[in-house]
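Residue numbering begins at 1 within each chain, and the chains themselves are lettered A, B, C and D in the order written.
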Amino acid sequence: MVKVAVIGGSGYTGLELLRLLARHPAVVLTAVTSREYDGKGVAEVFPALAGICPLHFSWPDPAKLTQLAEFFFVALPHKTAMAVIPALLAAGAKVVDLSADFRFRDRAVYESWYQEHTAPELLAEAVYGLPELYREAIKTARLVGNPGCYPTSVILGLAPLLTNGLIDPQSIIADCKSGASGAGRGLNLGMLYCEVNDDFRAYKVAGHRHTPEMEQELSRLAQEPLTITFTPHLLPMSRGILATLYATPRQPLTAEALQALYERFYQQEPFVRVCPPDTLPTTTAVRGSNYCDIAVRLDRRANRVIVLSAIDNLTRGASGQAVCNMNLMLGLPEIQGLDVVPFLP
Amino acid sequence: MVKVAVIGGSGYTGLELLRLLARHPAVVLTAVTSREYDGKGVAEVFPALAGICPLHFSWPDPAKLTQLAEFFFVALPHKTAMAVIPALLAAGAKVVDLSADFRFRDRAVYESWYQEHTAPELLAEAVYGLPELYREAIKTARLVGNPGCYPTSVILGLAPLLTNGLIDPQSIIADCKSGASGAGRGLNLGMLYCEVNDDFRAYKVAGHRHTPEMEQELSRLAQEPLTITFTPHLLPMSRGILATLYATPRQPLTAEALQALYERFYQQEPFVRVCPPDTLPTTTAVRGSNYCDIAVRLDRRANRVIVLSAIDNLTRGASGQAVCNMNLMLGLPEIQGLDVVPFLP
Amino acid sequence: MVKVAVIGGSGYTGLELLRLLARHPAVVLTAVTSREYDGKGVAEVFPALAGICPLHFSWPDPAKLTQLAEFFFVALPHKTAMAVIPALLAAGAKVVDLSADFRFRDRAVYESWYQEHTAPELLAEAVYGLPELYREAIKTARLVGNPGCYPTSVILGLAPLLTNGLIDPQSIIADCKSGASGAGRGLNLGMLYCEVNDDFRAYKVAGHRHTPEMEQELSRLAQEPLTITFTPHLLPMSRGILATLYATPRQPLTAEALQALYERFYQQEPFVRVCPPDTLPTTTAVRGSNYCDIAVRLDRRANRVIVLSAIDNLTRGASGQAVCNMNLMLGLPEIQGLDVVPFLP
Amino acid sequence: MVKVAVIGGSGYTGLELLRLLARHPAVVLTAVTSREYDGKGVAEVFPALAGICPLHFSWPDPAKLTQLAEFFFVALPHKTAMAVIPALLAAGAKVVDLSADFRFRDRAVYESWYQEHTAPELLAEAVYGLPELYREAIKTARLVGNPGCYPTSVILGLAPLLTNGLIDPQSIIADCKSGASGAGRGLNLGMLYCEVNDDFRAYKVAGHRHTPEMEQELSRLAQEPLTITFTPHLLPMSRGILATLYATPRQPLTAEALQALYERFYQQEPFVRVCPPDTLPTTTAVRGSNYCDIAVRLDRRANRVIVLSAIDNLTRGASGQAVCNMNLMLGLPEIQGLDVVPFLP
């Protein structure tokens, strides 16, 4: 059993890690940190975990933690994450970072959207943790930058089209909708129940930080620099992202060819399901699982390709993908601990 | 007091008409029909209306109804609506039809998306009931085809841009999200609580019947035929539509110029509110009201205009707009009975 | 037009007051205070009120406020309320206080459940603002203590039984369920969307501060001191309270006699609707209105009376009732500005 | 691997069985029946199960089914269940019936609340499938009547009190609240999304069929016949039951003694968690799991015991408990396949 620890275990991605790791057959959770809950029992803070997680939250002291575990999930806010990670690596541990701090190859891009990078020497080595694109690199990585939730849904949705050069790379529009858990578990007036319930809205229009992350990966797939329009929206539900993606074909396409392309592209992938032609993705069909469900459609009248891509933002969009990356980094079967049946209704 | 009747009063748009008409100071509701509830008290079926609506549902018999009222709201499904309306008009009544039957100028377009039109002689006379575009024509109309919910949000959102020739008419994408009441009050497995709650999905991708309705009006505004991509989605909430609209500018634009354009375009309109530059529309900010809240944004990086437009699908998207059309057709103040404060939280 | 002001206008009860007062035909709102939003436009904080409320939030300075208005709604937390109210009264104004500060006749009871009372000299004069019980006293009051939301639903539900001595006064159990707006608009981890959505729980079991308020009024109706069991629960919805009330009959009863008793008791009341024998109250049937819907049932097998009572916690449970009290205090028609049709779906 | 089949797999309890059985390490699902979906792929009907359940729905033909499986879950409506089960047993299979048909010892009680019993010869042999009370009998049973959802929460909540004679057996009130999945997946106007969302109501007051089931088991625990008051309510959420239980102590009690009693009573039980004194059960803390979380409180002022009991109505209240019974009947570890971490947020 590999000893693993979660640094920053009191938020929703931390909680989701605890849920998944509790039943993982090859690892044992030895520490969970939280400055806020330091010393409190995990089951005291989250009664759902009574009888499941016997640990107490501890203070995030890297020196002590590297005594306790050899693999780390860092579920801290960006900036805080990169302050902790170098010490973990220096002690010989492997790390999946769920913040944005190690997702960018280009330090300048990170710094123009976030802040100064305090561990730039690690950027070249960090691997972008999307297994469908970087499986081999992840297997040998010490440090994986776990993708953002929106980017996961968008990149997986568009990869078959861009890889095959079928769409105009500058024509991409990503209209994405996320459940409220994406905003985290911090105090925020706008996230009170009565502010979110029965409401729907866009936010950070043409200015969300996941934009450059998407562009980095989509540009690489397109083999040319591209710029996208990305609009995030807040859904009145807890979990789930649906990305509705639009692009202009470069050449005449048929619905049948598109369907076949997607099925072929993801044929070997355990966590991507291409919907049959008469089915569209829904967020509940992937809820609690590591699946990304994708459908591709052709709008013949307006000559556009429309791709629908659904994930659970906390599982495939964060903690499930992080566990998948851990499996790869530790040489474990990729789906171990992730064979969760989607939770519905 | 003008005597009005609601034909088809057992669905959600019928119920919304009852809510609004109950407090309208210039009209009195004299009949509400329902085949299903014929003979039952309205308050028996909808206990919320106890002490408010003393009527009983009656059978939709045009001959009797035209004895009881001089103005009619027809809230029947399409096809059924056009079977009833000619008799009402022949008896001298005025009609607002909430179905799709009288929204199309071109019979062929209607028939290719719906079915054979059985009262085509009325199509030339029917006025499309969007007051911001057709106020004067509505005032003298006998028959108004009340706009669809999605088209209302999309047309109002794009009118300033198209009227001023600022965008490429072929570049329009309308990514729209609606609350569940848009699906009506019929029995439908997919609309059960447990199927909708916590779920989000697109439906009828590249094939929804509101597409040609939008195209009819947008083409007229653009003064050229255009084709759009329209994707409807189902939100886990009861009321509200948010349309996120994308288009490519024909010429360089600034955010300030766009803001000024929208404010000027809708300056005199009582039911359109252009959001200030730091505010985005939300569905709760218009809930239960006849408002359409609109924001316009420029995505400078990707060179796209993004418009956000929010309405209540049952009020502005159906019954509130119908009452507004009635006000105009009867020579009443346009906002009478519609000065409802949005309902939140 | 009477000039009125709202002190503490940034919470949900404040917002509900703004909604109701905006359309009240006999009053004009001249000031709304908020320490947090001092100087900001009301419509800037609540975009739903754009075009409806032209005011800016101001600092709660009693000396200035009594220049601007002659009637005050105090929607502050308890303790803060009683610090402000004496100055308003001293300046000749009338006040409805929505906090708990002036609901208790017995200072000791207040102080044992809340804290030291700093304006005890006003307790004797303050009237408990439940119009069905204290209508005449309210009409001549300077200061009304507006009832709590749970007590409103419970007292109205039980008044016919206790007034007629039909139940054992010591047998009362009030199992109450409230929407999340009852917790207010303050920052509170437990009220985040993801903590409330899809969840249901009891809270403050056998210890909620509304218990002594209910007991004060129920004891008076029973003409003997009584103690109740009260259990509040948090519903995953924004508005609405349903009280399920249990009591043991003192003598044999019939369902018909109970139904007749309730109908008779509330026959003249504009804001209480006794459900017919085959209908049960629902929170949506009263949503946004000042109604209290009540049904009474007899459990013949177990020999218990069960009463169901539904209100909107923000309207009848707070701001609607406050406006009703204002109407009475100002000699206006009791229902003025409150003829709102319940909002559904 | 034991071959098991689900008869009636298209409803929510059937779907929950599929979810749990898909990951059960000791059984293999060989057939799922549905008259409605006969011949369709399970994953076609429930896209969430794509890649997980390769079966097609088949017609419920007992002769064929007993060739395919040796253990059956019958998730049919009552009446239909007892028409199928005798043939399964006659063929040597074991059965867990999720309907009410085999929950009653006394045929007359069943027939007075349901209808004529068509397999009364099996009533004496059938075991009531609540493992905490009937573990040993379940292990050797051929036929288990799986408890109702409400009864599970109520019986587990009261067992420690009644077993120890601490409360007046005639004083019990069960105020229960259930999520909408309890109403099943059938077409029902009252269960449409817009009818349930944001609403709360009681239903079948003093007349729900789970009443005699509770009374049968509670009477046995009390060792005297008792009658209870049971009020079910419908929550605006998909899953979960919270039972709030009231009873009058027979003798003076302390909170500490009650807490100790409950902890002792359930000490060895893998699926009952007694909450610590400062924690109350919530439905999300057990969601998707087989846990029943229980808290006991003393209302000293009114001298009542209050018990809060939370389960997931589809898991512990139906399919999870059914799998637990299967484990016992097959000699498998009781928790096998049921070590699911509660799903939140």
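List of remarks:
As a convention for this text, contacts are C-beta pairs under 8 Å (C-beta built on N, C-alpha and C of every residue); 3 or more make two chains touch, one makes a residue touch a chain.
Note that the coordinates shown come from a computational prediction; the quantities given were computed from them, not determined experimentally.
The pair with more inter-chain C-beta contacts, choosing from A-C and C-D, is C-D. The pair from B-D, A-B or A-D that reproduces the interface of B-C, where over half of the contact pairs by residue number are the same, turns out to be A-D.
Put simply, the C-alpha centre of subunit A and that of subunit C have 45 angstrom between them.
If you average the CA atoms of subunit A and of subunit D, the two centres end up 36 Å from each other. The mean-CA centres of subunit C and subunit D are about 39 angstrom from one another, to the nearest whole unit.
For subunit A, residues touching at least two other chains, in rising order: 12, 181, 194-195, 197-198, 236-239, 281-282, 284, 287, 345. Within the complex formed with subunit D, the residues of subunit C that make contact are 170, 173, 175, 177, 179, 194-195, 197-203, 205-206, 211, 227-229, 231, 233, 235-240, 242, 244, 246, 280-284, 287, 295, 297-302, 304, 306, 308, 310, 345.
Those residues of subunit D that touch subunit A in the shared complex are 12, 15, 18-19, 22-23, 44, 46-52, 181, 197-198, 238-239, 273, 275-276, 279, 281-282, 284-288, 291, 293, 339-345. Contact residues on subunit C toward subunit A in their complex (touch as defined above): 12, 180-181, 185, 187-189, 191-198, 236-238.
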